[in-house]
Amino acid sequence: MFRYIFKKIGYLSLINKHMLQNTKPGKNNNKPISPDLEKNLEVIKGILHSSDLAVHEFNFGHDRRFKGALIFIDNLADKKEIHKNILQPLMYDALLLPMDMDFTQIDTIWKSLISMTDNVKVTLLGDLLDSLLAGAAILLIDGSKEALAIKAGKRDARSIEEPGTEAVVRGPREGFIENVNVNIALLRRKIKDTDLCVEKYVIGEKSKTDVYIVYLRSVANPKLIEEIRTRLNRIKIEAILESGYIEQFIEDSPYSVFPTVSNSEKPDKVAAKILEGRAAILVDGTPFVLVVPMVFIESFQSVEDYYARPFFASAIRIIRFLSYIISTLGPAIYVALTVFHQELIPTQLLISIAEGRERVPFPAILEAFLMLFAFDLLREAGVRLPKPVGQTVGIVGALVLGEASVQAGLISPIMVIVVSATAIASFAVPAQTDSGTILRYIYLALAGIAGGFGVIMGLLATLMHLASLRSFGTPYLWPVSPLNLSGIKDVFIRMPLWTMSKRPKAISRNSSDSCNQDPGLMPAPFKKGSNDSK
Amino acid sequence: MIYLLLIYAFIIIINVPGLIKRKEWRELTAFSILYAIAFALSLMYVLDIPVPSPMKGLKHLIVDILGIEYPQG
Amino acid sequence: MIPNKGSEASLIKKITSSIMIFILCFFMLFALTGCLGAREINDLEIVIGMGVDKDEDTGNILLTAQVVKKDTAGRTSGDASGGGDGKAFWNVSSTGDSIFDAVRQVTHKTGNRLFISHNQAVIFGNDIAQEGLQEYIDFFLRAHEMRPTALILVAEDRASDILDAKPETEKFPAMNIAKLVDTYGFTSHFYEVNMKDFASCLMSPTTAPLVPLVSIVQEKDCMDIYVSGMVAFKKGKMIGKLNHDEVRGLLWVLGKVKSGVLIVPSPDEQGKAVLEIVRVKSKVTPEIKDGSIVMHIKIKEESSLSEQTTAENLATDKAFEKIQEATAEVIRQEIMAAIDKSRELNADIFGFGEMLHKKYSSKWKTLKDNWDEIYPTIELDIDVETKIIKTDLLKKPVSQSEEEK
Amino acid sequence: MSIERGKINSQQLLFLIAGFVQGSILLIDFTVGITEHQTWMVILAGLAISAPVILSYVALAKRFPGMNLVQINDMVYGRFLGKAVSMYYIFFFVMTLSFNIRDVGELYVTFLMQDTPFIFFLVVFAATCAYAVTKGIEVLGRVSHLFVVTGLFVIISTFILLIDQMDFSNFLPLFELPFIRIFQGIHIVSIIPFGETVAFLMIMGRLNKTEHAVKRTFFGLSIGALSLLVVAVRNTAVLGRTQTIWTSPSFQSIRLINIGTVLTRMDFLIGIAQTVLIFFKCSLFLYVLVVAVSQLFGLKSYLPLVLPLAGIEVIVAATVFQSPVDHAMITQNAGIIYSVPLVFIFPPLSLLIAKIRGLPKFERGKET
């Protein structure tokens, strides 16, 4: 049976390789652009034959002796810009130039006429097509072996809004949007430093998605950046539609339930991580920015922790840890206690639990599975459905599954409490929601099989697994394991900002300059005496 | 019994293919020897054949033959 | 780190192992829960109290277990105490050659084995106690479900009667007893003894364990459970009873008095001063002098004036002094009562033997063997120091002041 | 050359040793039956006796950097005698590991889940240990302090929770027991938690820097010994005379916790702590055993041997003793006697021979 599965998997991977080879657009790539305009147009039309390809042929120069063509994809390019900054200068402003200027030279046109920036000279047909599809307007001149790709693309960009996944009470309300250029700008606005490096990659045979690595050159570990580069270069795929694609191709442990690449929609969060020495990977077309390396503790840290004062922030962080524990272990502990270790329940509680379960026909483990399944069902349905209906689902779920099933004696009331507590707790740590959900079922099964022993063994195995994970060279459980005392200031409680004067050692470059602030910044009220002496 | 077979099949699936692929014959030999011992012992345990306890022999050697023993009580 | 072509084998390995684990887990989940000792909570027969008696006819053990009735237990006590069948508990009894035998025999009636982890109290009948607890206590210490904190009690008559009492406030008589014993501190007229304490005393060659004695008081139509003192054991057999004052006398020596009421005559002999004990410290130092054993008992007591039944103002230095002296006398009398009792029973309820053992371990070996002869000859040197530290809300009694008289 | 590529630092060594010694908290119960209320001084005496020997292990490891016990034996005693000594050590590892695995099974079968078949616990436990071992010594070293902290937390919190039930006069009279019993107790303690650290000779070769090794080893040892001491003191103070009758005094003393009728039934604390600590100890031992066996066979990687050896351990653990009574009787006598040479004689002897023959220098010169 397993051999069959192996074969199947091997076959699938073969198919994949084959398909990729097929789709390699080798045919047109290396063909140079011919000086003959008509021929070029014919070839391009032949390749693209698409009705939204706009070809504008025109004559220009003093006696209209030069022939040119502007090609662009109708919906991608900004026609107003093209008109104002390309066609108008070419057709009218060219007349102001000396008569003998040779407009068959692309360079001449570029330097003297085109009033747009970000232009690229292309000589190969493949590059021409790439630029065209990226939204550029291509200027072809009869008699020139080169063409000019002018970035005249228009992007319908959503305005910058507060991200839906990471709302804050205190803190900036801006979030990344789908346009990667805007996103980089958002980051640049946070970190105005010459060290901020932006490296561009284009990934995807068909999608040609822009992927950027953003990092601080003096802070980030060069090995980390090199590692990201190699991993990104490995990716040979047709399309990158979201940063999740990238994540799945570059993560360290694809078989782990724990994510080793973090993502965020918030520029301030990403900027903070870049400042710690991490690298952000921005993908065009999605507001979710990847940040590597990720450590486990990050899931429990929220940007707001650093904006609020340390006491409250620490308290909330401890609550987050607790809620993660409840969300993964809650049902398992309940089942282990009520099915295997009843002697550990206080007498009065035991009596009331027993009374609540008196009419329930299912074993506790099955009951827990059913309730958790119902909860996941409700959550999924609530997310997918349109908002007004989604709320109805919630109400129906609460009433029918909660109230009625207890009334009917199918589910014990305590189980409803346990599962709802679990459900609420599972939302407190968004970054680990998926791992939490899987682990919850695993621990529940273990508790059902072997009670507390099973749960402890499961926890130990999880601990070993977590400790063996690495994210781009950084141990996943850092700074708890391996122990780093200066890093642990920001784990279970958040120490005041002025105590955290060092950058995370395991992440940033290990140079002497590892301080991100002056060490002696503890606020001290103004003292008269000390001032006088100075 | 069925669990035993499952567990031991599992051990083979996890270890052997990699060993063969990497052509680590020395490792494979060592693995096979220990695997055979483990399987034999487990089979004895499952089939209720008494497994000799090395500690019993040791106790015999030390207490009865060498006569070293702490007083009881 | 990056999976390359060479690690394809490990990839496949990982897939298979995860599939295997998954299948095994689910296979095991339903196959194993049955044989791994999983017990649904509603199938449990939760025992909250146990009584051990002697079956009059056969001489076997009659075990009474108080089992929680799950369908009514959760309701309010008003419902539960309503009709005859409205009881929240079920006293199921069985006989057997030994306690464990009887515990297993009960399954003929309950259909499930007893779950005794939540057993609050074990009550031994009078006949069992007289015969000796040594052979009956073993099960309660050995059984893994039993907790060493379970209380041990002796019934005035039969243990099953005590478990049958219907308390007014608590739903379960066993819980009620546990609560009664647990709150001994208000009077210090007895103290709680759990399995571990009892076992500890049993293991000592000299110390005589005490166990609270419970009885039933018939009042109008309801039967109340009442702790009437303690019983002393020697070599595992019950040898006598101690009344409330005697127990407190013992507790003075042991320093275990938590609180309680002391009544002393007021200085003018007109009424009484009622004191509440606030804090007690005691120290016992054994001494062997010229072959005779002297126990130096030093007690420091602090109390508050909680009530007075005389018009005289007791809140004065002079009055305090007199009351303190009188209090010391009362305490001394209580101690002496306890000592007299223990001498009468010839049972070392104070644990003087252990104290000597700890201090004079070399001489102890000779003392141990004839402890029974030595014990009544032990001399005592009691030194009581009392203090009144507060007078609660009043500074003076409610009476006309001296001047107006 | 080396089977394991992972490295540990000396701080991790500290926690590894501390956790390793803490793993024997359950085994302290052996001694309690013999030494009663004097257990605490037996632990201190055991530490005092074994500390110099354990420091000689460190000296040995420092002398042969990067090498494990089997390699050292080969070098010091020659090919055949060295192999024989290594076999003796492997036998010791097999036995000790099986006792520890068995302890977990006994703990659960006696206290928490009586109806479960014994073998089930052993299989699951050994499988989890095997999983940990496949992760290598580096991961074990990385998490070691978590185990130590868990252990210390449980030990200290239970001590505090039980403080009002303690009666320190239970330690009196100080000296009462016959000397032979004290001697036996010291013997047990110096072998079972402390002497077993001879296993670290298989691990110390992986130290990246040996500078602080002596200090850290001693410190780790002290943490472990302190934990044992606290547990012994707690049990004696709480249980007094009765501590000798229970199967597990630690467990019984935890069961006595009763703070305002709210903080009761804390058994799970000790259950978790003991499982977790023994897990740590067993993982280390299994690692040591697997590496020793693979070194004996001269393998490139120890991974293929993990599961078969774990399988053997399970069966040995399940069959080696008939009952806990047997377990205690044999370990208290034969068990501690046969391991004396391994713990007290061979390592210092190796050190001496190495010093006389100037061994590692010769070899190092050949290598470079």
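The letters A, B, C and D name the chains in turn, as written, and every chain counts its residues from 1.
The rule is short, and it goes like this: a residue touches a chain if its C-beta (ideal position, glycine included) is under 8 Å from a C-beta of that chain, and two chains touch if they have at least 3 such contacts.
No experiment lies behind these values; they were computed from the predicted model shown.
The central chain of the assembly on a C-alpha centroid basis is D.
Here C-D and A-D were compared by C-beta pairs in contact; the pair with more is A-D. Taking the mean of the C-alpha atoms as each chain's centre, chain A and chain D sit 46 Å apart.
With centres defined as mean CA coordinates, chain D is found 40 Å away from chain C.
The mean-CA centres of chain B and chain C are about 52 angstrom from one another, to the nearest whole unit. For chain A, residues touching at least two other chains, in rising order: 2, 340, 343, 450-451.
Counting only residues that touch two or more partner chains, chain C has 12, 16, 32, 36-37, 147. Residue positions of chain D touching 2 or more other chains: 113, 116, 120, 264-265. Those residues of chain A that touch chain C in the shared complex are 2, 5-6, 9, 227, 230-231, 234, 252, 254-255, 338-340, 342-343, 347, 350-358, 360, 363-365, 442, 445-446, 448-451, 470, 473. Listing the residues of chain A that touch chain D in their complex gives 340-341, 343-346, 450-454, 456-457, 460-461, 463-465, 467-468, 475, 477, 480-483. Interface of chain D with chain B (complex): residues 91, 95, 119, 123, 180, 184, 293-294, 297-301, 303-305, 307-309, 311-312, 314-316, 318-321, 330, 332-335, 337-338. Partner chain D is touched in their complex by these residues of chain C: 32, 35-37, 141, 144, 147-149, 182, 194, 196, 199-200, 203-204, 357-359, 361. Chain contact summary for the complex, chain D toward chain C: residues 110-111, 113-117, 120, 169, 172-173, 175-176, 239-242, 245, 252, 255-256, 258, 261, 264-265.
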